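One structure below.
Going in written order, the chains are labelled A, B, C and D, and every chain counts its residues from 1.
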């Protein structure tokens, strides 16, 4: 380890994150980690010791875990001097026969002990889940401690390899699934809260489908799940969909599948994406079971709508809306029929402009501001319809004044949409939404 | 791609391995591979296209596959110029706050399109098996085409991540296992040929156990398997163990487990080791089921014995053996009692010296020449006993004049043995074997 | 069909149960049933037709079903004349070689078309459940229509053959069981209501076990289930056991298993007993998993206690209790410590006498009046302890003034207890309960 | 037990079947059986004792088993006096309200202890299989000891209830099925011997299907199985079907399913029929998987052909065949083309007459003599085509001079065929077979 690093680590250990971790403790961990990294006594023993260390980690509080992860991140990285040598040899070999071995040697020099250690932690029961949760810890500490980032990047890269979509299993979840799994859906649902077991049962009825991706080593842990309603129209209200007293639709007659909720469940897998594959596989599965299905669409929230509106009063004015957003979110206006009609019209225009014109700072500034729009448009969907009062729940009113949107997955144009969205930021839009985006109230 | 590379690739394509692949075909593959690498039209589409390409690969002959893999290896590697820039930034940042991002950036610059493409091939059904088999192809071509090595190294590294022992499932295989799986054991058994379904059934009887490691995405493909006999003594003859007419031993009375055959099955996983973990897990499982078990040992072949003897006539002489190895391998001597006693004594001494003194050129020259010895001694076993006529089959006579050996897994000394073997090349040996190694006939 | 029967059937069909079923409808059913009985067009077709008829049955209301079942019971029975002939032949053959064939012939003459028809109904999906439910219907109609009894007896006999304990599977139910199954436990629990999914989860925690018997053809339908608490003492309060906030007991330390709730779930299986086998198999399973278990006991209700007390005011007086049972059931007395002590003492004496002396009219008048006592004592358990305020729920207070009882399953004395209970009605009792039963307040 | 019976039993016990069973042993069994019958010590204990007795049975030789079963058959039957009383009461009650209870009482009087005892044997592991095998024993002894018949009849009736087709599971068996199950197919195949595991694998290839019925309590024991070839023509040669080197047919193009082997496996289930249901369910399953299938037919043997021919020389003569059947069975004639053509023509005529005109003594003399014909015609199939040299194996030549026959299952005419076959013995026949049956050579 470079001298400078030791200095900096010590300075940090003496204060801040690892304040309450005793130097003696750090020394012990350091020694144990080194033994794991060297596979002293053989790989089998090393893994056994790593498992013990992983158990230790589980018993630490946040301060302890943070210190432990810092230790790995800072002290078990590659050796810059060795990297320099390997790099020089590589560049010298370019174009010659020796280039290939030199490339491999450079790669090996960069391979750190960090990831070898973390992988050994995998030996505890449910080791994969352990590492996913460890990354979730890491991401929390990372916000205020950028020096954890090399460990985070390496772990993300390893998790991306492990959670390659080719390893994931698509499973349909039903009322006959284990309660311990269903309980997790209740916990993880991130879009429209599941209020009770009855609510959940309703979402698993014969006119519904719920699919999740699983990793073979995390058997009762859905990684991401999507809730689908089978129906005969482009649904415009989530309250209608979630009404437990609504009659059950005869799914054999369905021509439309509505994806009305998609939830990622594992914070520790941030950056490892599989949502687009999930939708693809679900559509395949639905087509097999319901050959009459013609339309695949979402009923989606606009999570950034109200905060964007707050920052863009001129847009509110252009849409003929008062700047009092609290009143708009309170929703009293919805009770007056005439007022509701006018407000909904204005909100529709505003939402159309938000979705088509508001840009995120990310990428090259061409990506939509709204994260849900980014996801579906990036997958090739078309912005199909704006639904005022599509989600009249308190949360829906607060987030987007009740507006929801349908993204339509037209299988014939998916690939082209993906391409032109990626290349030029083009947003596929229905004529109706385009019209709305152009309209102004004054 | 650097200009030089293109030149060299062209020169090769014009001759040698890719002789019969038309340039037009190569161009088409190149374009398709580039589309996969860039994920044109989105990840989902890219993977669909990659799957099609993987299907194409399956239909190619060896010449075609070789050319295809060369293309990936040579044209989809990292860009040396980009690596140089990233490396300079990294070295400049060492010791500063920017070191961590610079490390990640250098790693990213080294990350090649090769592995991204191969991983996408994973999307075909049984994609993992496809990649393992593709690596088996690669290893064959590699012998005569070292330029495939960067692709091989990257693929090995990815497979090592995927086949981490934490993902493997230990399964006991019985006569109630699927025939399609049992058939593979017959095919894969590499030590003592399984001659028939009856032979196999005998090896799955109540006094036997057969365990294998599986990967969750290769469900009917054992990766490695071990055959165990439950008995009450240190077995000294594989023919006795495999005798279908021998009475079945009451396994509840067993105090000894003999590992009499260990077979790796997937050439494509060369370099990814899990044999040591297999034995560890099998011992755990056996101890749970048979609490009276006290001894765990192998009955192992000496695959390099006869060829070493051929090259070391002075050792033959020292052991009092004639230099006519063909006669020794023919085994007629075994029929004459007195001659057999004398010959076996000599062979025992010879084998003891072979196992304890003959060294491989690998590592730092301290590793045993015999590959089976390397494996078990490296795992911490002790060289326990030499068994002349332990394998009187034609193959056994040819390979090692019938000699077999027991390696003993003494759980109390495993870790120490591993350590001193790794550090100093020390071979743990029983007193009896030590004595044999010292004895000379003249 | 004997002429008299037709008359009687007609008279009934013209009025009463089948009043609203049109004669034409009855004629049609009669014809269809006859076709099934004769297996016209072959067995396969007959079963297909029977399945259609079973579907018809499912769509009928109670009046229709009653008429339908009457038809089967009255018109598809054995022919008395044929029975008479077969019987005469049988008696004539007794002692001769022809006796055996004659016995079989008599049995055949008694074999009715009724059961053949019902068995064919088995062909619908979930046919076994259909027949169990059909018997539940039958039992309801039987109360007011004794002429259904031959059909009921034949169906009971067939169900007893099908639900032979040798066919039943003991399954442990956990929180990982399918929700659709757990939901049924909530519905079927007959002793201590399961108030919520959280309550249920608590009953499936690591210090609890829940076992059920299943029939292989009714996969998600528990036939009977028992809830077990693992603990270190003879539990005396069901509220303590069901307290969701109570700490979880470390089951590995358990020496006592408390069966605190046993529920039969299928009315249609009345008369087919398997409760005793369930307890036996559960005890076996628990002993395997928890070798330290020494005591197996119930915490049981006294369902007939308060109604017996009402009818036996002299017993109340003897125990020193006021005749105002409503006040006793209201339970206000439990709040006054001194009063509670005195009342509990009195109730304990009263309960001891109820359980040991109150007899049912059934059997030869030696069976206990209390049905739960009959069950456990008949299985060989010992009446171990009376627990005043063992169930302080409104239902517990109403049913038994809060008293519960422990029946102890002492494996060494089970068989003897069964025998002396069966032969002489002897109730195995602990010394403490015997003492209570003798005590009087005045 | 009636005095006479005791006498007769004793006389038998003193000699014959039970000669070597000591009276003391018989007394002990008698006492044990009586305890089981009375459920002394409770049902649970009785069943435990019965299980012990069942184990005893398994260790007996044939003489012992025969004696044991005689004991049950003769001594644990109904009491004729009690039956007489119940019968009198029943007849007196006919037409009155008491008829129904009287019917049940008579049935109860006839219910013997025999079946109660046997059912208790069910408690041993694999108890159902035990009883099926016990019946197989019984059937062997029955041939020479008619007094076992009441026990046999009762057991058959109980097995018929247990093996009701509604309980049976249709399973497709593939090369992925457990070896222990596949091994049983090899053992049980009764029509065309499975010569090796390779032969079996060929019968499970992608252009084949193999289905079996299973009972939920006999999981690895097929009750009956059928082998199906998917093809595009009405197969006429079993050797062609079983040729391991024949190319695999693309099953998706199949329009014809050939049932070329149906084997009952459990002797102990004689009289319990499910073959017709098997074919029905298999046809349903095949239609689901291969919507293009139009034709369902068998390729069947004529097991009684040669022995019928031997007894009917006049038929041989009429068909223009020499009376030397040994020569006909030797099959040398098949090598001479002209002779083969002529012989085959004659054999076809002879077979047509055998199948349509030779009657069994069973039923009312209208049933075909050939058992396979009885089965398929009774199921509604049509006698479609005669295939000379359809089975040129030694067994096929011996049994039927190589002739095989196709029975065609035309779903539209099945029910009518069943009915007219049952009513009038009409054999559904193709025009071609009718023509053959009429032709004479001279």
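FYI, contacts are C-beta pairs under 8 Å (C-beta built on N, C-alpha and C of every residue); 3 or more make two chains touch, one makes a residue touch a chain.
Just so we're on the same page, UniProt names per chain: A, B, C, D = Malonyl-CoA decarboxylase.
This structure is a prediction, so every number in the text was calculated from the model and none was measured.
The minimal number of chain-to-chain contact steps leading from chain B to chain C is 2.
Between the Cα centres of chain A and chain C there is a gap of 52 Å. Here the CA centre of chain C is 39 Å from the CA centre of chain D.
In chain B, no position touches at least two other chains. The touch graph of the protein chains shown is a ring with every node of degree two. Chain pairs recorded as touching, per the definition above, are A-B, A-C, B-D, C-D.
Those residues of chain D lying in contact with chain C across their complex are 2, 4-5, 8, 40-45, 47, 73, 77-78, 80, 83-84, 87, 90-91, 94-95, 97, 100-101, 103-104, 106-107, 110, 119, 122-123, 127-128, 146-147, 149-150, 153-154, 157-158, 161-162, 164-167, 216-217, 273, 276-277, 280, 378-380, 414-416, 418-419, 422. Residue ranges of chain D in contact with chain B, taken from their complex: 175-183, 197, 201, 220.
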